[in-house]
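So, here come the structures, one by one.
Below are two complexes that have chain A in common, paired first with chain B and then with chain C.
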Partner chain A sequence: MENRGYTGNAEPADRKPIGELRGVTKRFGEVLAASDLNLSIAEGEFLSFLGPSGCGKTTALRMLAGFEAPTEGDVLLDGEVVNTLNAHHRPVNMVFQQYALFPHMTVAQNIGYGLRQIRPRIPKAQIAERVSKALDVVRLAGFEDRKIWEMSGGQQQRVALARAIINEPKLLLLDEPMAALDRKLRKEMQIELQDLQRQLGITFVLVTHDQEEALSMSDRICIMREGRIVQIGSPQELYDRPKSRYIADFVGTSNFFNGKLTQLSDELSTVVLDNGMQVQGTVGEGLTGGQDVCISVRPEQMKLNRKGEGLQVAVHNRIFLGEHTEYLVTHETLGDFLVLAPRQAELTEGAFVVGDTATVSWEATAALILDRN
Partner chain B sequence: MRLYAICVYLFLYIPIGVIALFSFNAGRHASQLQGFSTKWYGKALSNPFVMDALETSLIVAFCSALCASVFGTMAAVALQGIRGPVRAAFDMLIYVAVMIPGIVIGIATLIGLVTVFDQLNPLIAAIWPNGFEPPKLRMGIGSLIAAHTMFLMALVVIIVRARLAGMDRALTEASSDLYATPMGTFRQVTLPMIFPAILAGFLLSFTFSFDDFIIAFFVAGSETTLPIYVFSSIRRGVTPEINAIGTMVMGVSLFLLISAQLLLQRGGKKSR
Partner chain C sequence: MTQRTRTWLLLAPAGTWFLVMLIIPLTVVFIFSFGERAPSGGVVLAFSFEQYANLPARWAAFKNTMTLAPIGTLSALLIAYPLAYFLAVKANPKWKTILLVLVIVPFWTSILIRSYAWIFLLGGRGIPALLEWVGIEGLRLINTPFAVLIGIIYGYLPLMVFPIYVSLDKLDKRLLEASSDLGAKPWKTFLQITLPLSIPGIATGCMLVFILLMGEYLIPALLGGGKVFFVGNALVDLFLQSRNWAYGSAVAVTLVVVMLITVTIYMRLISRLGASREDVSIM
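Take a look at the complex of A and B:
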């Protein structure tokens, strides 16, 4: 199992799985949208599907919602196989990308929609009470009788959230819910969503292409590429121990140098870079000696020195970012790469200016040896 | 170019304007204006033949517009769920149904209905209990409504389909996600959203049925609709009374058409 042995509050093993994908494959005609997805969603966790558009993350979400049936494999909710169970029978609710609020209904009618479908009928007074409670939760108290088009984008999103959480779903599915919001509002909503999730204890499954969004909100992230899950893990884990270059590149920024793995060891392995230089680093899973690999070093792990051991570089560009300064440096044979210097270092040692020569070094353990893909 | 356009419009609208003008003629000749009067309107409305024909026309227009709206909407919703060549075939058939000349529909419906009636009437007579007069299927209001419903349905399908296509699919998905059954989704989400289009389709159908002469002429049997009455009385010369009827029909038609247009525009805006 790929998702075992994680630390911190993202530990799914001691919690009951509420949703599961077992060997799920989905084809649309000739197109393979999702291929052999295996995933277990723990009760109460905040899980994100992260990947570029067309990677199959939305398909995975739609299979959980019941809008698509898997071609192969099983979708489980609360331990039961629900492959062909229609969406209206599933105890799962979704917040749609453009919210999909009913334009011919008021805010209260939208939010109470799910409760009104339940048979035997719930008394009207009770629905009204729960609607106003849900509005309280999303901080829209008193907006009951507003029309949808009178609400701003952020408010509409809260209505969409309230419409979903009022039903106390087993899974709350969020399909790029912030895509339509501007940057500032998005930040606010991210914090609010997290608070809401802790407060309600509902399991959240988010689909996003925004790595920042996924990193800041999720307990676990499931990275997808071309219909496959490439790695599942906590944000720190994905950042510190990416399985491939693709993931290291997708989660945060990193510098990559291509080479060949010459000596494999449990401690530090050796790579001969394309320019003949020998570098040591921690080897990732599933690599064999002699394989074409790349070395990944995060910009903040690199240290820029006036002199001493390390790569001889010329400072090419300097961007002051407040607490950090980002240097673009050029090495004769390795080309351009980024170094992030903390403000503190600059205050004590002085800043570099464009044209300076310097040396770049890093701890051997900070260099990750990864598959090139 | 502008002059040319003006000429075209004059050519189109002068005859209509003249009819409206002469309907207020005080004299009894259609070609000479002799002062203003509304007496021909009164005369038309108190003519029992006119009122009879009007009643028939209204019944036929209302019933066929209603049937066309209901069946057309059902067809449009069903077609929305179909993809591929089957849908393309249906699409083509619907556009063809709108474009086929009325005279073809008229003759085809007449022949079709007569053939079916000829087959059915002996059957009905055979199974009917002895001693009672068996009902006989014949041309009349029923066949008029059937023929009109058929060609108007295609119109409703096109209007409603356009509206359905403009509707966000996420809305029906959201409804189903919120536990509504397919029927519940149709009743609570789809129907309210396409209702303006259905109403517009109804109004257009009503107008087209009310104004139709060609198809009605073939299948009306012994019934007389207003256009048929006008046509037959023209053979006895154009009187200001005919002009008055024409003007009234035109007024009502224009009103319905504009209402339909407004409905389609307003409804379209709301759904975005």
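Take a look at the complex of A and C:
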């Protein structure tokens, strides 16, 4: 397993688990919201639940927060089973989707709310001091007496963040915290959140449906589908070695070609595509010979050439993206797929125009043989 | 048609109504209150404060109104709040509409008929008879302040339930989760989040009930049996029985003034309570 160098974090598995889901299933009446979730959250890591709406990621988060109790299985915090422990007893805090700030309180009153619940009482002066420190951390120093509705969306999010971290939770849960922000602000907040996590050393658990958000911030991503965890891994692992077509499609963009796995090998295996072509690639886990599979090749791993070996294609569309140019090309039997050409290649070799014929090639190791689901 | 004329045209029906039905009659009553009783009843216009000087004679009516109206309002609030809370927060959404309709159902029958029913219930052969059967004897309910209070609460409860229900229903339930998440026990969450955020509903409900109670006539007339009477009953008596319009007018003007003062104080209090809120505009 590889980890992103810049986080400086140790291997998640080596660290003490701060939160755990053991065979957790949650049913709402007939609806199965989460099914047999097994997951260990390491102390200090940034973990994301990623999946489309209704995949069970929010249910998983709410069980960690204490808003829902599992139907089966165990939720553990710091090594103790907390299945039915109420939210107000858990050392866990949450940043809510629309922030859920208290509209009748000032910024300082919102942030100090958690501290005011503690018995024996914390002296007022001490609360005020910690509130102003928390405001410093989220870069809102001096905003103590503002009303919530006077704050912009981005500022409200910082207040929500400060309100959650002031209690120094064991786990900070973030439920789609960036969904209400515009694109530019979202980018900024992503960086800030990461900084904050490293600075505070608090374990972050984020729920999102935005793959870019998950990829850019997380140490590990837990991909969910229809109530199940389908793969857990670092962003690179998920991108480079997805376990199925679903994951390859959800994390990044990829081209898929259906075929049958004819020859299985540790090195390169062979797939006969539906059009009869033979292609080689790296086989994923749990596949057997003769199985219906698909091969996945990322657009940036394909190379577009004027001539030479490869698939004969016609350039159908060209989108200039700055550092890359995205070509939609058409193959006679394989249909349309995407090729991403670096700007540098275009500058040296010249760009293709719509209607050009070209050949597409890739390294055999770049082609992944995956389950079709 | 200009914007301006259209605005005036749209306001004309309500404006006319207020002028003819409120401002003119109030002015007339105000002028009458300085007059004197004509020998054959009615009023002789004058400029004397004699009627106002006689007000203490009707002190009992003011006292009853000014005690039973606040007590009735407060009792209705205490009974209505848990009900509204249940309807808005706890009730199964499937049953909500039906339960809300059940709250209004009493309005489908005239208050007169419903108050008559209470005469029976509180009368000698009603609840006191039942209590006698279990050994509590000699309890008289009808024609007591308690009977009037029961009638008031019964009649005005829905008016209190609805505004509170509305304010609790629009309360973002995630705020309650956030409070719990931050370590507040359920009771603390109620005191710190739910209650303050439902103040607009409480304020509206109390105002509605209190103002209507100040002018109440029917319930004291039926359940108070002439022993527990409100200013409203005194007015009917003065205008229709004694035909002393001048004195009646003075009593009416005093009631309006008392009401204005109370409501002003009340509004001040509420706006101070909600000074830090944006949604106080509901008031």
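The working rule: the second predicted complex is superposed on the first by the 363 of 373 C-alpha atoms of A that agree within 3 Å, B and C clash if a C-alpha of one lies under 4 Å from a C-alpha of the other, contacts with A are read in each partner's own complex, and residues count from 1 in each chain.
The definition used in the following text is that a residue touches a chain if its C-beta (ideal position, glycine included) is under 8 Å from a C-beta of that chain, and two chains touch if they have at least 3 such contacts.
Computed from a predicted structure; not experimentally measured.
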Superposed partners chain B and chain C on chain A - clash or fit: clash
First, second, both or neither for A:I319, with chain B first and chain C second: neither
Which superposed partner A:T106 touches (first chain B, second chain C, both, neither): second
Chain B versus chain C as contact partner of A:G114, first or second or both or neither: both
Which of chain B and chain C A:H88 touches, first, second, both or neither: both
Residues on chain A lying within both footprints (that of chain B and that of chain C): 65-67, 86-89, 92-94, 96-98, 100-104, 113-114, 117-118, 149, 163, 167
Interface residues, chain B side, partner chain A - complex: 168, 170-171, 173-182, 184, 188-189, 192-193, 270-271
Interface residues, chain A side, partner chain C - complex: 65-67, 86-89, 92-94, 96-98, 100-106, 113-114, 117-118, 147, 149, 163-164, 167
Of all residues in chain C, those that touch chain A in their complex: 172, 174-175, 177-186, 188, 192-193, 196-197, 274, 276-279
Residues on chain A engaged by chain B in the complex (per definition of touch): 65-67, 86-89, 92-94, 96-98, 100-104, 113-114, 117-118, 149, 163, 167
